[in-house]
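For reference, the structure I am asking about is given below.
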Amino acid sequence: MLTPFSDLVGRYRVIFFDAYGVLKNARGVLQGVPELLSWLSRQGKDVYVITNDASRSPAQMAAAYVHPEHGVLIPESKNISSGLLAKDFLRSKVRTGRVAYLGKPSSAFYIESAGLTPVHIGACKNSEELAAIALLDDEGFDWFRDLNLILNLMRRVSAPVIVANPDLVYPVNDQEVGLAVGSLAGMLERIVGKAFVRFGKPDTMIFSHAFACAHENVPDLRKADVLMVGDTLETDIVGANTFGLDTALVLSGNTRPEQAKLMIQTKGIIPTYLCESVFT
Amino acid sequence: MLTPFSDLVGRYRVIFFDAYGVLKNARGVLQGVPELLSWLSRQGKDVYVITNDASRSPAQMAAAYVHPEHGVLIPESKNISSGLLAKDFLRSKVRTGRVAYLGKPSSAFYIESAGLTPVHIGACKNSEELAAIALLDDEGFDWFRDLNLILNLMRRVSAPVIVANPDLVYPVNDQEVGLAVGSLAGMLERIVGKAFVRFGKPDTMIFSHAFACAHENVPDLRKADVLMVGDTLETDIVGANTFGLDTALVLSGNTRPEQAKLMIQTKGIIPTYLCESVFT
Amino acid sequence: MLTPFSDLVGRYRVIFFDAYGVLKNARGVLQGVPELLSWLSRQGKDVYVITNDASRSPAQMAAAYVHPEHGVLIPESKNISSGLLAKDFLRSKVRTGRVAYLGKPSSAFYIESAGLTPVHIGACKNSEELAAIALLDDEGFDWFRDLNLILNLMRRVSAPVIVANPDLVYPVNDQEVGLAVGSLAGMLERIVGKAFVRFGKPDTMIFSHAFACAHENVPDLRKADVLMVGDTLETDIVGANTFGLDTALVLSGNTRPEQAKLMIQTKGIIPTYLCESVFT
Amino acid sequence: MLTPFSDLVGRYRVIFFDAYGVLKNARGVLQGVPELLSWLSRQGKDVYVITNDASRSPAQMAAAYVHPEHGVLIPESKNISSGLLAKDFLRSKVRTGRVAYLGKPSSAFYIESAGLTPVHIGACKNSEELAAIALLDDEGFDWFRDLNLILNLMRRVSAPVIVANPDLVYPVNDQEVGLAVGSLAGMLERIVGKAFVRFGKPDTMIFSHAFACAHENVPDLRKADVLMVGDTLETDIVGANTFGLDTALVLSGNTRPEQAKLMIQTKGIIPTYLCESVFT
């Protein structure tokens, strides 16, 4: 029932990888990833990272895949994050003004690069004039003080609320998970009754964005030429399935090997392939 | 459309009051409450407080209604809290063992008085043997560290999870609200997929418990003899309506005067009376 | 891990039984039930049926447990249904007027016996003056025509909406389920955005009502003297647990033997006992 | 606060129209629409219909906008429906086999044109081998019999479930709405616990698909050159906002003029413009 990942590669021209649980974990890039990426490059495969992440800039993401010997393995332009979609929204729909945000200072990149002024929630006055409110990351603020502050901002201000990472949890280690900003967003949305604008998997827009990038390099690219590799049924697999890509679920992250079959059946989300990891 | 509260009193033998937004606010008991309670007592009315609160013991609650001149206005036994129901559950269903809890040290009363051992979440090891997990209050712990810790406890342990205050928010002042432990519970429940056991309004059990107490004092008491006075449609009013009591919505707390009519129509929760406050 | 049901009986003075999946199935009362009930009676046990059902009157329910030889096994007064709670609500809170309802004509009992006038949804004009809307059963009306009709009534009328059976599905046979009125209610509630008033398990009010009845017969009855026997974790078991009763999950209905352990762990709803059926 | 629609046209190169509530109502195309479309054509505007609809083929949709004098006003290729996205999914992800569907026979177009075999739910055996289940329309089947049938199919079969119109209701006339297939889908999804695959607004994929079509005609087209015109905040406006288009909310359909301001503020979904209708 498990397919070796290396057997799949020949069938596709472009590979989309999720980052956490596939190429990385909480301690960084997995051992063997530089070699894998180099090998894919030699095979002529075009590789992208498709990640729900607005905690750091594409440049910082790219830096994770730089190897002393092989150089840059996945350049900035091929790290497609939910943060990038949020940035596009801020630039095209909000345009100017101050944006209160939850997240580390490095998250502010997505606001600044859209031409707006980031205001860290901790520095935000309750009377602040705001063009938008952005939930970018679960770290970099005082949860008790700042979740209460942002709740009251949301009640007072009629500006749009943006969620740049809809994930509920992220894996911390083999046993534990952490609460991601998508969980905090869900809690706040139910209280204030507004419709937050969410960016990232499973919404298909991130796949559409990445496919358009890949299509520029390979003009005759079809969806059937692309494989999405992810560790999470509810984001990676259902999103890419909906967009029309083939999908491989790897069992190295959020989906534990002993649960995979039951979860696929229970949820009705069916990956094209099941692989132990990207190394097999 | 507004009825003076004093006009209603003659029609009932027993009055159930919500605490926050009716008799108290964040700064304490409202001016005029001791006089009101004394007057009700002289009219022969039996008065109870029905409150979603597990942050302090009934004795501490009663102490809020003690007046230098009039003495104890609402005794410990007539402060019926959601915490009491949680205590009954722990005593009858869990019985022995250690209970990890979210809340201030004063919340531990409800675990201790049930004969179990409270373990503050901050002192809880991930390998702790637990008979139950109790979400009691939104204060008294480090949100970032301890919400992540309790999430992983919930995933690992198969013990029941108790929510002793289902409120989503509480009023901080005329403009602002605070996130109550019911919001945190809802966020965690959606992630872990378990069915938490909730105590407090709008579930009818707290009204049933209070009615049984009142019935002991007044053996021929009928539900039609009891008025529930509250400031929140979704808890006080819908719960007491379901239980079969008459209800008065006061506009001194969560429901703002300018919104009352729209909210009643939108939600379809219809109080028997609408009063400006308990003082009119 | 399975306890024989007959071993449990000696520990309790009162037994609460769910009906469907425990004593009955879609074809009627299970073989052996009359003998079981007679035996319990000889043991001096007081027996009640606690059922989410508003499709027929208590007299009709009682008639199911009449045996040519043993006579009436569970009298009308000990068939405690969610319909009865809805009737109490209509009588005490709505009082007079016309009530549009979804259900078979036999459901109208709960409206008529509360002193109100039932109007079958199929006979209801869109301009009808209504005191309440009642969702009583999934049969006895044209789903397409009447669900659309009642949706528009709910949007137009500000009267309370009552759901007298919150079950989502009911077992039709070993393999199939049917959509119960609670599913239809949930769909309509999400569209109209109102708070419907629900009666029945898992809300504790039905247990409170039954316990009060039992208490009249046995004045020193404590909750620890009562066992609730049901086939569904999300209604029978969690509701009775919350109310403080001991609980036995039987595997003869909604919970399949091969799923029981996983469902208990996944949902975190823990019965006191697990029994194959009431016959073992 | 209202902008005349004709004032907006000059600012955009491409106009996306929702169909129902904008260009049509339950009785057909609105008076004045042919003239409006002809005028837009003369102004050099490229016009698309973006509609949540899988009840008829694009050819049938196009036929609604044919005028004796002006000829075809919106050709088949510019009627972009949620059904088309579902068809793409069936073709690329399901590929072969039998697909049980809810809907009128005309809905079967989307299954047949993907190369699969449609099986109307009424003709579907419970033992049917199915490659997918498709919820296409709220008409063309017996709700009671067939919703129960499809529920049991969903429980038995592990094939993907497709919802080709996520709308909850549709306007029937000025006062009344009808239950759309998205409401039925939501009810079934909650019962079976699977993740259904939804196509249509507010998901951005339909906008992405339409933008790609428009881009082929106008190679230098930017998102800022496109205006989406719709009558529903929760689908048309939030979806197009998320995709990055300017949006005009018209008050001729689901959003009533007297509610528009309150709904925009309550939901936090902010259209770029507010117009009485497309005729002003």
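Letters A, B, C and D mark the chains in the order given here, with residues in each chain numbered from 1 onward.
The criterion applied here is as follows: a contact is a pair of C-beta atoms (placed from the backbone, for glycine too) under 8 Å apart; a residue touches a chain by one contact, two chains touch by 3 or more.
Remember, it's a predicted structure, so these values are computed and weren't measured experimentally.
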{"item": "From subunit D, the most remote chain by mean C-alpha position", "value": "B"}
{"item": "Shared interface numbering between subunit C and subunit B [over half = same, under half = different]", "value": "same"}
{"item": "Whole-Å gap separating subunit B and subunit D, where each centre is the average of the chain's CA atoms", "value": "46"}
{"item": "Averaged-CA centre spacing for the pair subunit D and subunit A, given as whole angstrom", "value": "28"}
{"item": "Where subunit A touches two or more other chains at once, by residue number", "value": "none"}
{"item": "Complex interface listing, subunit D residues touching subunit C", "value": "126, 142-144, 147-148, 151-152, 155-156, 168-169, 175-179, 183-184, 186-187, 190-191"}
{"item": "Of all residues in subunit B, those that touch subunit C in their complex", "value": "88-89, 92-93, 158-161, 192-199, 203-205, 208, 223-224, 233-234, 238, 241-244, 264-270"}
